[in-house]
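A short write-up of the structure that comes next.
Letters A, B, C and D mark the chains as written, and numbering starts fresh at 1 in each.
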Amino acid sequence: MFSFQNMTQEIHSWLSSLMSETFVMLVEMTIVGILAIALFAFLGLVLVYMERKVAAVIQLRKGPNRVGPFGIFQTSADTLKLVLKEGFMPDNVDKFLYKLAPFVVMITAMLILAPIPFAKGVQIWDINIGVFYLTAISSISVIGILMAGWASNNKYSLLGAMRSGAQIVSYELSAGMAVLSIVVLTGSLNLGDIIASQEDGWWIFKGHIPAWIAFIIYIIAVTAETNRAPFDMAEAESELTGGFHTEYAGMRFALFFLAEYINIFIVCAIGAILFFGGWMPFHIGSWTAFNHVMDFIPSFMWFFGKTFFLIFLIMWFRWTFPRLRVDQLLNLEWKYLLPISIFNLLLMTLVAIKGWHF
Amino acid sequence: MISFLKTYFTEVFQAIKSLLSGMKLTGYYFTHPKNIITEEYPDNRATLKMADRFRGEVIMTHDEKNEHACTGCSACELACPNGTIKIINKFEINAEGKKKKAIDAFVYHLELCTMCNLCIVACPTDAIKMSPNFEHSVYDRRLLTKQLNHEGSKIREGVE
Amino acid sequence: MGNEELIVKLQELFPAASIIQGNDWPEISFESGADFLSTIDVLKSDQTLAFDYLFCETCVDWKTHFTMVYHLDSTRFRHNIVLKYKLDRETPEIDSLSFVYRTSEQHEREIFDLFGIIFKGHPNLKRILLTEDWVGYPLRKDYDDPINMIKL
Amino acid sequence: MFEEIKTSNDGELVINVGPQHPATHGVLHLLITLNGETITKLEPNLGYIHRSIEKMCESLSYRQFIYSTSRMDYLSSHMNNHACAMIVEKGLQVEIPERAEVIRVLISELTRLASHQLWWGAMAMDLGALSPFFYSFREREVITDIMEETCGARLTMNYIVPGGLMADIHPNFVKRVKDFIIQFNSKIDEYDQLVTGNIIFQNRMKNVGYLSPEDAISYGTTGPVARGSGVSCDIRKLYPYSAYNKVKFEEILETGGDSFARYLVRIKEMKQSISIIEQLIDNIPEGDFQAKTKAVLKLPKGEFYQRVETARGELGVYLVSEGGTTPYRIKFRSPGFSNLSALNHMVKGHKIGDLVAIMGTLDLVIPDIDR
C-alpha cells in the first residue's frame, strides 16, 4: 500500500549516499521548512476561500465567483493585492514591536505544526511530549497580539489586545482540561501513541459521555482561543473597529489574517487527532473486513477530512451567533466551562481507571 | 445544593438548545443553496427588467418625425426644487408669419436631479417623462449635463 | 381635559398671559420678563394639567423679536398646549428647562446653535450641529452666508 | 518618538466612537470616557451630516419642500412626506379622497416594516451576527420592489403630493403585497429562531440600557424606545390621523425598559404592521387618488403642527406661515434627536459592547438627528 513512510525513508537514504550526516540533516531541515511554509500558504488560501464560500451560502449569497472557476483564485488575487500594498506604518507607533508582532503570531502558528501527524508516517517532529508542547506553544501567540495592540498606540488596539489577553489566558485552561481527559485515557502525551490507541475506534465513540463533553468544551474553548466569532473580542469590528490589528495594513495585516486561519487549522487538527483519531481510518472494534475497506482510503484524506469538518463547524458557529460581551465571555469560562471540565476530567479518570471505555 | 445544580444544568441545556436551533437554521440554508438570492447584475442585463415607473432620469419623448410636445412653458423649471432644469427659449416665425415661442435647448442637469418626479407632474403637455434607465456613470461630470430635445427637433403640431 | 376646559383653567392660573385657541391646541403666550420657570413648574406639577412631556421646543425669528415655542403634552391626560414666550431680539435670554425636561438639553443647544438664544442655567451650552467656530446664527432671518448658499 | 496613550490621573480613557465607526451607522460621533471597559460618560457630537433642511425649506414652495424631508429619516421617508403633506392639507383645508388615505397608510406600514427589518439586521450585525442582515434584507427587498413598482423609487419615494398621491397604485400592487404577507409570515419565525431565542443574544440584551418610564418621558423619547419602557406614545393610536382610525391594531407596550424590551417592541410591531396591511389591502376604496388643488399653493397665515408616528418615533412638523408660497419657519422635531439624548443616561456603567447594543436598539438614523 502507498505509504509516506517509505517515501521519506527513500529520500533519506538517497541523500545519505550523497553527503555526510550533518549536511543530510541540514538539507532535510530546509526541505521540511520549505514544505511547511508552502503548506502554510496553501492552507491560508484554501481556508480563506472556504470561509468566504461557507459564509456566502449561509447568507444566501454566491460568494467569490469571478476569478477562476467558482472563484477559486480569488484568495490568490487578494494575497497578491496585499503583497503589493504599501506597508503603511502610522506615526507614533513603537516601530520595533509594531514590526515584530505579526511575525511572533506567525512563527507561533508555524511552530505548532511540528508535532502534528498529517498522515501515516508524515510528522515533522515525533516528540514524546507532543500534547504538552502544543499547549505550551499555542499560548505564546497572545504575546504577539498584546505586542500588536500595545505598539499600535491606538486605544482601540489596546483594548482589543487586553481583551484578547484575558480571553486566551482563561480559555487555555478548559482547552487544556479537555485535552488532558484524552491524555488520561491513552496514558501518553505522544500524538503518535494517541492515534495508535484509537485503532479500534475513535475516542469520541469509545469514551462515552465524558468524551463528548470534553469535545464540546474543547471546540468552544479553541474557538475562543483563536479569537473567532462568537468570541472575537479582540477584533470585534462593531465595537473596536478592528481591535488589535486596526493600525495594520498590507502584508503585515495579511500575516495576522493568515495566522488566524492557520491557528484554526491547527486547533482543529489537534481536535481531530484527540477525538477522531487523526489519520486513523474509521475502525470498529473487531470488524476486520470493514476495517480493511476503510484502510483503502489514504490516511491523509482521513486526517484532512476530519480537520476540515471541524473547521466547518467553527465557521458555522461564526456565521450563526452574535458576539458575547467581554464579561460574559469570562463568566462562561470561569462559571461554566472550567467547573464542568474539571468534573469531566475526574469522571474521565474514573472511566480510565475502571476501564469502562471500550 | 440540588436545586442549584438543577437550575445550573437546566440553564446549560437550554443555552445549548437555543444555540442549536440557530445553527439548524443556518445549517438549513447551507445545505439548500437554491435559496441563494444573489442577482448577478452586469450578467443579467439582457433579462433585467426595471419597473415601468422607476425613476432613472428625465427624458423628452420624441416621435418618429423627430417632434416633441414641449412648448417651453418652463413649468417644470419652476417646479424643480434643485434647479435641475434650465429651459432656453427662442422665437420662431411660423407659416402664418406669427412669432411663436419654442424651445432652443432643454438643459437637464442629471448630477443635480433627485428624481422627485415634480417636473413630470407639473408638465401640462406630457412632454417629459421618467425613463427607467439607471446606468448613468460617466467619466466626466460634464457629460451629466444633457440637452433633452434632439438636434433639429420641433414641436408637434397642435400642442399648445 | 378638552381644549375649552384647558383654556378656562389656564386663564385662572395665568391671568396675565394671553390665551387663544390655536389650530389644534390652546396657545398661551407670555411677554418677555414673565417668570418662566415658575410657570413651567405650575404646568408640570398641577394635578389637573400634568404637562410632563415636552415634545417640541423651538424658536421663531419674527425680525422684531424672537418667540420661543414649547409644545407640551400630558402623558396622563393626553391634552396638549402650546406655550410661547416672547424674547427681546438684542439680548435673547431665557431660563433653561434642561432640569425640568431632560430632552430640552439637546433642543436648547440646537436653538442656541441656530438662533443664538442664551439659556440661563444650561449645563453645557455650546454649538451642537455647526462647528464651534461658526460665525452667526443661520436660522435668523438676517443671516446671510454667500459662501455656503442655502437658498436657490 | 513613541508617545504613550495617556490616561487622566484617575485612569480614565477618552475614546472617539465615530464619526467613522461601524456601529454608528453613519457619521455620528460619540465621545466616550472609559474606566477600564466601563463607560463613565458619553457625549454625542452631532452635525457631520447637517444639511440645514429647515433653512432650505424656507425657500422651497409647499409642493417642493415635501421631497426634501425624505432625506431626513430616509428609512421612513414616506412617513416624513406624509407629515408634511398633512400639514399643507391642514392649512389648505383640503379633503383627501378616501382611497389616497388608505394607500398612504398602506405604504406607511410597508415602509415601517422595511425600516424595522433593516434595523433587525443591522442590530444583529452590531452584536456580531452577520447572517441575520441578509435574511432581513431578503424580505426587505420584496418591499422595496413593491415600492419601486408603485412609487417609482426604492427608498426616497416622494409618492405623496399635497392633496393625495402622485399616482395611483400599480395594478400589481395588491397581488404583490399579498404575496409578501404570505412570505413574511413564513419567515418571521426564523427571526425568533435565529436571534430572539438565542441565549447569547438574550444575555447581551437583558438588563442592559435600562430606561425608566419617567426618564423616557423626561428625555422625550418616542416610538419603540419609549414603548419599551411602558410609556404609551403611539401617535397612530393616541391622535389618529389619516386612515389609522379605521384599522384595528394594538399599541405594543413592554415594561422591561431594557434593550430586550425595545427589541421585542419592534419585533411585535412588525406583526402589527402586517395586520394593518391585511386589513386594508382588500378594502382599498374606489375613487380618486388625488384631490383637486391649485397649481400654486398658499397657506393662510398661522401656525400648524402635525404629529406622525414614523418607524423611529414621533415626528413633529411645526410650520409657521406668513401667507406666502413658502413656509416662514419650519421645524422638524425628529424622533432620533430626542432618542439620542437618552443615550448618555442609558449607557452609564455599561461596557463598550453594551453601547453598541443600546445604540442598536435606539435605531438611530443619523440624517434624522442632524437634519
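Convention: contacts are C-beta pairs under 8 Å (C-beta built on N, C-alpha and C of every residue); 3 or more make two chains touch, one makes a residue touch a chain.
As the structure is a computational prediction, the values presented were derived from the model and not from experiment.
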item: Chain occupying the most central position, where position means C-alpha average; value: D
item: Result of counting contacting C-beta pairs for B-D and A-D, higher pair; value: A-D
item: Furthest chain, CA centroid comparison against chain A; value: C
item: Chain A-chain D separation of Cα centroids, rounded to whole Å; value: 45
item: Length of the line joining the C-alpha centres of chain C and chain D, rounded to whole Å; value: 25
item: Mean-CA-position distance for chain C and chain B (Å); value: 41
item: For chain B, residues that touch 2 or more chains besides their own; value: 19, 22, 25-26, 37, 81
item: For chain A, residues that touch 2 or more chains besides their own; value: 58-61, 319-321
item: Per-residue overlap in chain C, given as positions that touch at least 2 other chains; value: 152
item: Chain C - residues contacting chain D, complex; value: 22-25, 27, 52-56, 58, 60-61, 69, 71, 75, 78, 82, 101-107, 110, 114, 127-131, 138-139, 150-152
item: In the complex with chain A, residue positions of chain B that touch it; value: 12, 19, 22-23, 25-27, 29-30, 33, 35-38, 40
item: Of chain D, residues touching chain C in the complex; value: 46-47, 50, 52, 54-56, 58-59, 90, 215, 217-222, 231-233, 238, 302-305, 307, 314, 316, 318, 320, 328-329, 331, 333, 337-338, 340-342, 345, 370-371
item: Of chain B, residues touching chain D in the complex; value: 14-15, 18-19, 21-22, 24-26, 37, 50-55, 79-81, 114-118, 121-122, 130
item: Contact set on chain D toward chain A in their complex; value: 1-5, 13, 15, 21-23, 37, 124-131, 133-135, 138, 194-195, 198, 200-201, 203-204, 351-356
